[in-house]
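Presented sequentially are two complexes of chain A, the first with chain B as partner and the second with chain C.
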Partner chain A sequence: MIKNIIYSISLIIGMFTLSFILFNLIPTNPARIILGPSAPEEAVKKLQKELNLDKPLHSQYITELINFLKLKPGKSIILNKPTINETINKLKNSSQLIILSLLIALIISYTLNLIAFYVPKLKPIINLTKLGVILPTFVSSITIAVLLTLTLPELSLRYQPQNISTLILPALILSFYPTALLTHILNNKINEITQSQYFISTLALGFSKNYLFHKILLKSTLVSLISTWTNLLSVAFFSTITIEIIFSIPGIGPLLLQSITQKDFPMLKTILIINAFFFILVNTLTEIIYHKIDPRIK
Partner chain B sequence: MTKKFKILTVIIITLAITPNLLIKIGEKLDPLSINLNSTYQPPSQKHPLGTDYLGRDLLARIIYATGLSLKMSSITLSVSLILSLTLGSIAGIFYNKIPDKIISWISSLLMTTPLILLISATLSTLEPNPEFTYLTIGLFTWTIPARLVRTETIQLKNSTFITAQKALGFPNYLIMIKIIPLTIYPAVINSLFILPELISIEVALSFLGFGPQPPTPSLGKLILTGTLEANIAWWQAIFPITALVFLITSIYFLSKKLSQLQI
Partner chain C sequence: MKKIITITIIISLIIPISCSKQQKGENELIFAIENEITTLDPIKTKHIYDLQVIGQIYNGLIEINEKNQIVPALAENWSTTDYKTWKFKIRNNVLFHDNSKLKPSDVLFSFKRILSKESNSAWILSDVIKNFKIIPPDTFVIELNKPDPHFLHRITSPLFSIVPETIKNLKEFGSNIAIGTGPFKLLQKTDNEIILIRNENYWEKTNGNVSKLKFVTIKNDQIRLSELKAGKISVMYLPLHLAPTITKSPEINEKFQISSFPTFNIHFIGFNTKKLNIHLRKAINLAIDRNEITKIATSNLAIPNPNPLPTPLWTTKETNPFNPEEAVKEIKMAKPPHELQLLVHDKYNSPIIGELIQNQLKKINLNITLKQVDFNTAIDFILKDKSDLYLMFFEFVFSSPEPILFNLFHSSKIPVPNFWKLNNKEIDQLLEQLNKPNNQKILQEIINKINSNPPLAPLFTLNANIIYPKYIQNISINPHNIAMLKKVKIQK
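Now for the complex of A and B:
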């Protein structure tokens, strides 16, 4: 467990270094890009001083690292607010949406598999959901969003911050690919186990279907379910960005778009590192949970 | 071996020719000429898929944009394939030693963070240039095929003919040269499955404002304007999406057929 934590700390420092390389080592001058090609030389020099770009690289690296550890990575150029508060606020909205959609996916895939287990005649439904795995999450979510805007134009697609229920529609759209993938994986595992010897013997002993599904099948699929779920977190992020832009949900997506179009480098750096931190944290936590569920896993 | 070689040649030629063919057809149909007398025309005989707000033919624009995005993603695919073949085989040869640990550390670093963030942050620091886009996407997407190449290399390393070469005292780099050609075929087939992912990254990037600049049509821009103007002109929303879905499903079924071939 200590090894895991050290490894994830090294990953976070690696991410910091990568973003440092991206924004400080590239031969282009960030101050010049921010101000545009026609800006006077003095203004560029001044901004360089503000962004700490005139010092040697190693001292830049150390001051930035210390600032990050103090959670004060600097101000955004455009919004003139501390970048970290803004990013965490937006990440909160985004992660709310992602987690809601993945919970929907989990519930739907669980019910589908339960139904197929109780009524074997309905198995073709699961085969149908396999089609959803073909399309990457970005494509499927955007397709459904377009189809919805076309078929139900009177439906209010705009997000209202006071009204949490407006998040449900985007979450449903986002949950299409995760649902298909989770159903697929759960079904594959169940098929594998139902053909094994120990399952057949428990079946012969006359346990109820409820016991078989929940105590035997679900328990042994739990590890692979959790690992897929955490992987999906980072996969679903991709489509979340675009869905947020379409539905104008104040999450990471619009913030990213804004910082990219206005060349807000301090903001981009913070977005990159905070998100990396979030995902690395989730991954480490799930690895610790694995050990609790199944101590055999190395 | 010869059959594998034939299949690889066919794949490479198809990926090289199809996008250029689509772009040529699109250019023939004229995606750029503005006609303000026929803005927002629904599908008709003259414009089979309708026109946009400047009266440009949507069919020509979609074909051109599809070709362009297929071309970009095939170039990216080749970049990431070259990277994954070299890095994956190095990791496999030095299994559980320092090079392997460094490479797997980098790949887990790239895998934990959402790719689209990394790619868009990198592209925002660079000047807008298609070559940079290919390189950047390739630089961040080599991880999945590299894992396959690594496991493939580890398996091959334990096979008898490599053990024989080791016993004869061949150095590591000569063994690597022997192993890499054998991993090319599975790596190419596996990376065909990532091609849809690459296409969607490319589309999403033009969604965020990277990629081909207007007036050159790109699938992402077509889809975005189509979605925003869906209430005025339904054809602008439905046809680019259909083209994207068609492209991706056809690539998927093609690569599935190829991976199921018994050779």
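Now for the complex of A and C:
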């Protein structure tokens, strides 16, 4: 456990350092961005001083790192709001979208495999999901959005926070890739097990198809399903940027993009911390769940 | 089997995409914008989107109408004897949205706040203001460092809105709370939607009938347009790159109308005066066909403009001094380098304009390459003299020529906003003489001098172009690009 904590902290510091270096390679001045292109140079220099941007890079790095470790990321220089509140707010929206999309992926992959197991003739439908791997999210989302506006003009594609149903379409598009991956992993595992001696003998004992699918096949694939699902969380976090921009969902993606292009370092730092904590939490939970499902895994 | 049926039912409930019904309140106006509103605090904003909403919630002392005429707002009238001391009589029948009465002390508080450290727009006023004071019972006084007959044009933007003194105790002011005196008041604010309702206690009688005003964020231009077509939003800005298809669509022309209003948004090619000699700059200025640029890059939704001032502030008969023969003569004298680089950014069709300029200059045997960076990086490149030529634009907060010309061309404003590092004593002296009531001749002289040794090649003044259904009437936008929605009538 201690090892894990040390590993996580060093990972976060590494991420922080890398982002600081990359960030300073972008040739823009945050004070200039805040005040606009026509503000006089004196006003910009004054603001630079207030933001500690007039100090040498190494001193900026040390101050930033200390604040970072104290979990005091400060205020966003663009939004002028505490970065923590803003990031958590946006993360809530993104998490809703991501979790909904991964649930959709899980349901579809389960249903398709169930259908293929009951009616082996329909197995080729599983291959259809491969489209989700071939089509990148930005292509599928734009194409579907345009097609829908042409065919169903009454349909609102705008995300409305008070109307959760407006999240279904973006979540569905975001689920294309996870659906493809989960369906195929589940299908491969099922194929592998159904050809094993153990399964053939169970079959010979006359158990029902329902029992075979749920108690034997699904149970045996649970560990790989959970590991894929948690890995897909990080993939979904990146794919969601495009979806959030296209469907105007105020999530972490547009915020991340804005903080990079506008050099809002306090905001970027907070997004990094919160994302890192989120993934560490998910990984720890996954490990606990693994152990519960299969005590042999340490 | 039962389980399969149950699962199928669940999926069939989830997958169909719900057609969200837009609440069609009788007089609801939904204005779609492409960015999220970052703040509703007038001193903290720097985005036109924020100002669009701020302009509905607050009032300034004075404002401008769509014809760039100053109109009284919270100041009933004003007077000055020496152009140095400006007295504003504050209306005594105005209520803030929290029902507190507007007092001169609120005006004093607001102006001090504008000049404070936390303000992003302090620089606009800081070098001209000497003092503020109140003369009881209802007069607010601004004392200037020097006489300035055109001072009023410095405070017409919604950046100079009046807020109640009580907001100093409100931590949430600007994020979830906004208290102004404007025609609409804040009801609700989420990340991508702001709902305002009509202020029934508004101090001015208007004929408008919009009872609910929504600002919604839809980032994708295509989706915004389809929402408009489907009647789910009422007004949107016309995206320049969609303008050619939209203006030619019979379906759109039948149901919708497009209105254009001149703004203070000017687009130009900036010259690196250290690298480009006068002949080369003149040649480029003459070789550019502004009519072609406005036609192709803006679908004629801009006004060709060869002057360094936006069209609402300065117009000349000749809007396109396109003369390739003269340009060729100049280029022969210029002895240009083999190739020049033009910096373009990612806003307002800049790459397309860049390509058009590249082709136009090729005709006078001047080869240029394009370098595209994001807008903020472009600013940095310009300040560090990393480009030969650059495409840029200004959205001026001043509504008269004097402060604009002074800021752009006076040597004391090097390096910003005098990007071109123009250091000409003659022009400096003329700019210092602008503080006279009748200064048309001086203005003309300055513009002539600048055009004869051009540090920039102005291209066009971009209009604010909006599209909305024909049943919406009286919609107009002032040159600060603020929609005046209090007068809007919805006739269904």
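Here is the rule we go by: the second predicted complex is superposed on the first by the 203 of 298 C-alpha atoms of A that agree within 3 Å, B and C clash if a C-alpha of one lies under 4 Å from a C-alpha of the other, contacts with A are read in each partner's own complex, and residues count from 1 in each chain.
Simple rule for what comes next: contacts are C-beta pairs under 8 Å (C-beta built on N, C-alpha and C of every residue); 3 or more make two chains touch, one makes a residue touch a chain.
Here the structure is a predicted model, which is why all the values come from computation and not from measurement.
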| item | value |
| --- | --- |
| Which superposed partner A:N187 touches (first chain B, second chain C, both, neither) | neither |
| Which of chain B and chain C A:K81 touches, first, second, both or neither | second |
| Partner chain(s) touched by A:T261 [first = chain B, second = chain C, both, neither] | both |
| Touching partner for A:V44 - first (chain B), second (chain C), both, neither | second |
| Chain touching more of chain A, residue-wise (chain B, chain C) | C |
| Touched partner set for A:S165, first chain B, second chain C, both or neither | second |
| Which of chain B and chain C A:T221 touches, first, second, both or neither | neither |
| Touched partner set for A:V146, first chain B, second chain C, both or neither | both |
| First (chain B), second (chain C), both or neither touched by A:T179 | neither |
| Which superposed partner A:S10 touches (first chain B, second chain C, both, neither) | first |
| Overlapping contact positions on chain A, where the chain C interface meets the chain B interface | 26, 28, 33, 142, 145-146, 149, 153, 245-246, 261, 263 |
| Residues on chain B engaged by chain A in the complex (per definition of touch) | 105-106, 108-109, 111-118, 120-122, 124-127, 196-197, 199-201, 203-204, 207-210, 223, 226-227, 230-231, 234, 237-238, 241, 244-245, 248-249, 252 |
| Residue ranges of chain A touching chain B (in the complex, touch as defined) | 10-11, 14-15, 18-19, 22-23, 26, 28, 30, 33, 134-136, 138-139, 142-143, 145-146, 149-150, 153, 234, 237-238, 241-242, 245-246, 256-257, 259-261, 263, 265, 268-269, 271-272, 275-276, 279-280, 283 |
| Interfacial residue positions of chain C with respect to chain A in the complex | 3-4, 7-8, 10-11, 14-15, 17-20, 22, 36, 38-39, 44, 46, 117, 120, 122-123, 126, 175, 190-193, 216-220, 222-223, 226-227, 229-230, 232, 374, 376-377, 379-381, 383-384, 392, 394, 396, 407, 413, 415-417 |
| Of all residues in chain A, those that touch chain C in their complex | 26-29, 32-44, 50, 78-81, 89-90, 93, 104, 107-108, 110-111, 114, 118, 142, 145-146, 148-149, 152-161, 163, 165-166, 168-169, 172, 210, 245-250, 254, 261-263 |
